[in-house]
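In what follows, subunit A forms one complex with subunit B and a second complex with subunit C.
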Partner chain A sequence: MGSSEKRPKDAMNDIPTFSAENLQNNLKVIQNSRTFLSIIAGVLAGIIGFTGLTGFVFYFVVMLITSVGLMAKAGFSADLYFDSWNRVLFDGFLGGLMSFVLFWTFAYDLVHIF
Partner chain B sequence: MNLGFVIGVFGVLILSHAAYSTIQYRGLLKIMEEEFSGPTMNVVLELIIGLVLCMWAALTFPGKFLSIHPDSDENRAVSLPDNSDFMIFNHRGRLFPPEVNMKF
Partner chain C sequence: MAEDLVLDTAIRDWVLIPLSVVMVLIGILRYFVSKLMRSSPTPDAKMVKEGQVIIRARSLKFGANFIPPRSFRTRRSYFSNEENGLLHVPKGEGSNPQAQMFSDPNMAMDMMKKNLSMIIPQTLTFAFVNFFFSGFVAAKIPFPLTQRFRSMLQNGIDLSTVDVSYVSSRSWYFLNLFGLRGLFSLILGDENAIDDTQRMMQMGGFGFDASKSLSAEKDGLDILQHEWALPRFEQRAESVLRKLVK
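Right after this comes the complex of A and B.
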């Protein structure tokens, strides 16, 4: 899509255009935040000693808190920084799940088994 | 960026201290032959503090959100081109009436 450029002639009649590189930057910020927090949540779940479904519930709780935090960071107005609310809330959810399980088993082994 | 990074490091340090005390607590339980039912109170407190610090760091360290509107003040696309010395402005086009609202 390229960076933001608008010719003066069609300034009147193009509405849905936005700066794509800024959108990519914002998505990268969300991705980094979620990945870091899912790692931290995994370590926490391992230390506390969650096993089974309780751990996944813990992960969803942490991700919900992260979503609220990201919305607050965006000032509750997603139009200024993203093209849809879904990106703020659900992007990177499942990728973080893998990191969560990895660090959860790692920390659990470290603390409770060895 | 710096403050978020420092707070993140603090959070990770507190979490590793909590992990270490839990390991020692489990060793103690093994000696006394009791079951592990949950971490101790101060470990839970440390975990909560560590989680709050890490969450704060995760929201501030990766960077700010940039506005995606092309009309906002921070997204100006004007800049001097590199070959401005070779540009000529004294041509016939200067006689045309201006037809756009230019934002300075």
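Right after this comes the complex of A and C.
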């Protein structure tokens, strides 16, 4: 979304029209931010030393913070920037999970076992 | 019995980090190789025409509510008219995509190249890992798993009393395989986040089946109900301008 306000939905008409290119760009931004944050969350979880369920809870907490952050960036009106709320909140959840687990294992081993 | 094993630092230096680095590098290499090897197929005029017709029909569907009813109907009959409508494919002529696929040498070569470039590095790396890095505990995963995973994760380790969290390097390889997807999408730019698993899923359905998509578009157009969304656009334009001027 960035500083150049890319609104796929034209709010001047009452009819919803979407610019597909802007919509796609916004989705890419969401995915990038989620991936990046899940990697960082993995490293953090490993360093702090979460094990088991606590680690997964930490991952979900970070994902929720990501969602809130994205919503705040979108000005809390997802309708202007995306075609559905679910995308902003839940897209990329599981994709980030694998990266999170990898970096969590990596950091945990580096710090605690070796 | 969850005693904490103390593992040698050499394992970390010589197993975990090199394996990850190698996998990242192989991923990058594969990306560049596939970019170089991508031969641009000479487009078939008929396929391109049909593709463009489909795009036009889709744009019509998308913007149907913005044009007056009569023009919409005119355009729709242009597409789906029984005799000479563009989207209407007579029953017998539907091109058989499978036959086309295999008789077209370019497409077969492309598919084979894609498959090979995907499978070979994976197999090679797997064999490499198995040969060099088997027989010892490589890492500890921070969450517990059930006993059923033991045979999968600990294949080189022959002690059955070791906690399932201590895994062999083969499972580190698999973990990397899945987890580096996200990293690749960040490094290589957004289009190439596809990796093996997604490509394997895509291998099932391929082929540009022209006749089916044409008739699908035609049905979509026929179903579409036209709702004239700008019935009083002069008044609407006036109100918008008023808002702007205020």
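Basically, the second predicted complex is superposed on the first by the 97 of 114 C-alpha atoms of A that agree within 3 Å, B and C clash if a C-alpha of one lies under 4 Å from a C-alpha of the other, contacts with A are read in each partner's own complex, and residues count from 1 in each chain.
Here, contacts are C-beta pairs under 8 Å (C-beta built on N, C-alpha and C of every residue); 3 or more make two chains touch, one makes a residue touch a chain.
Given the structure is predicted, the values throughout are model-derived calculations rather than measurements.
On the superposed subunit A, the two partners subunit B and subunit C both fit, without a clash. Applying the stated contact rule after C-alpha superposition, one finds that A:Gly95 touches subunit C and leaves subunit B untouched.
Applying the stated contact rule after C-alpha superposition, one finds that A:Gly69 touches subunit B and leaves subunit C untouched.
When the two complexes are overlaid on their common chain A, residue A:Phe60 makes contact with neither subunit B nor subunit C. Looking at the shared chain after the overlay, A:Leu110 reaches both subunit B and subunit C. In the superposed model, A:Phe36 makes contact with both subunit B and subunit C. The superposed three-chain arrangement places the nearest Cα atoms of subunit B and subunit C 7 Å from each other.
Overlaid on A, the two complexes show subunit B and subunit C touching the same residues of subunit A, namely 28, 32, 36, 110.
Across the interface of their complex, subunit C is touched by residues 12, 15, 28, 31-32, 35-36, 38-39, 45-46, 50-53, 55-56, 95-96, 98-106, 108-110, 113-114 of subunit A. Here subunit A touches subunit B in the complex through residues 3-6, 8-9, 11, 17-20, 22-23, 25-26, 28-29, 32-33, 36-37, 40, 43-44, 47-49, 65-66, 69-70, 73-74, 80-83, 107, 110-112, going by the rule given at the top. Interface residues of subunit C, counted against subunit A in their complex, comprise 4-9, 11-12, 16, 20, 65, 139-144, 172, 175-176, 178-183, 185-186, 190, 229-230, 240.
Of all the residues in subunit B, the ones that touch subunit A in their complex are 8, 11-12, 15, 18-19, 22-23, 26, 36, 38-39, 43-44, 47, 50-51, 54-55, 57-59, 61-70, 72, 75, 77, 100, 102.
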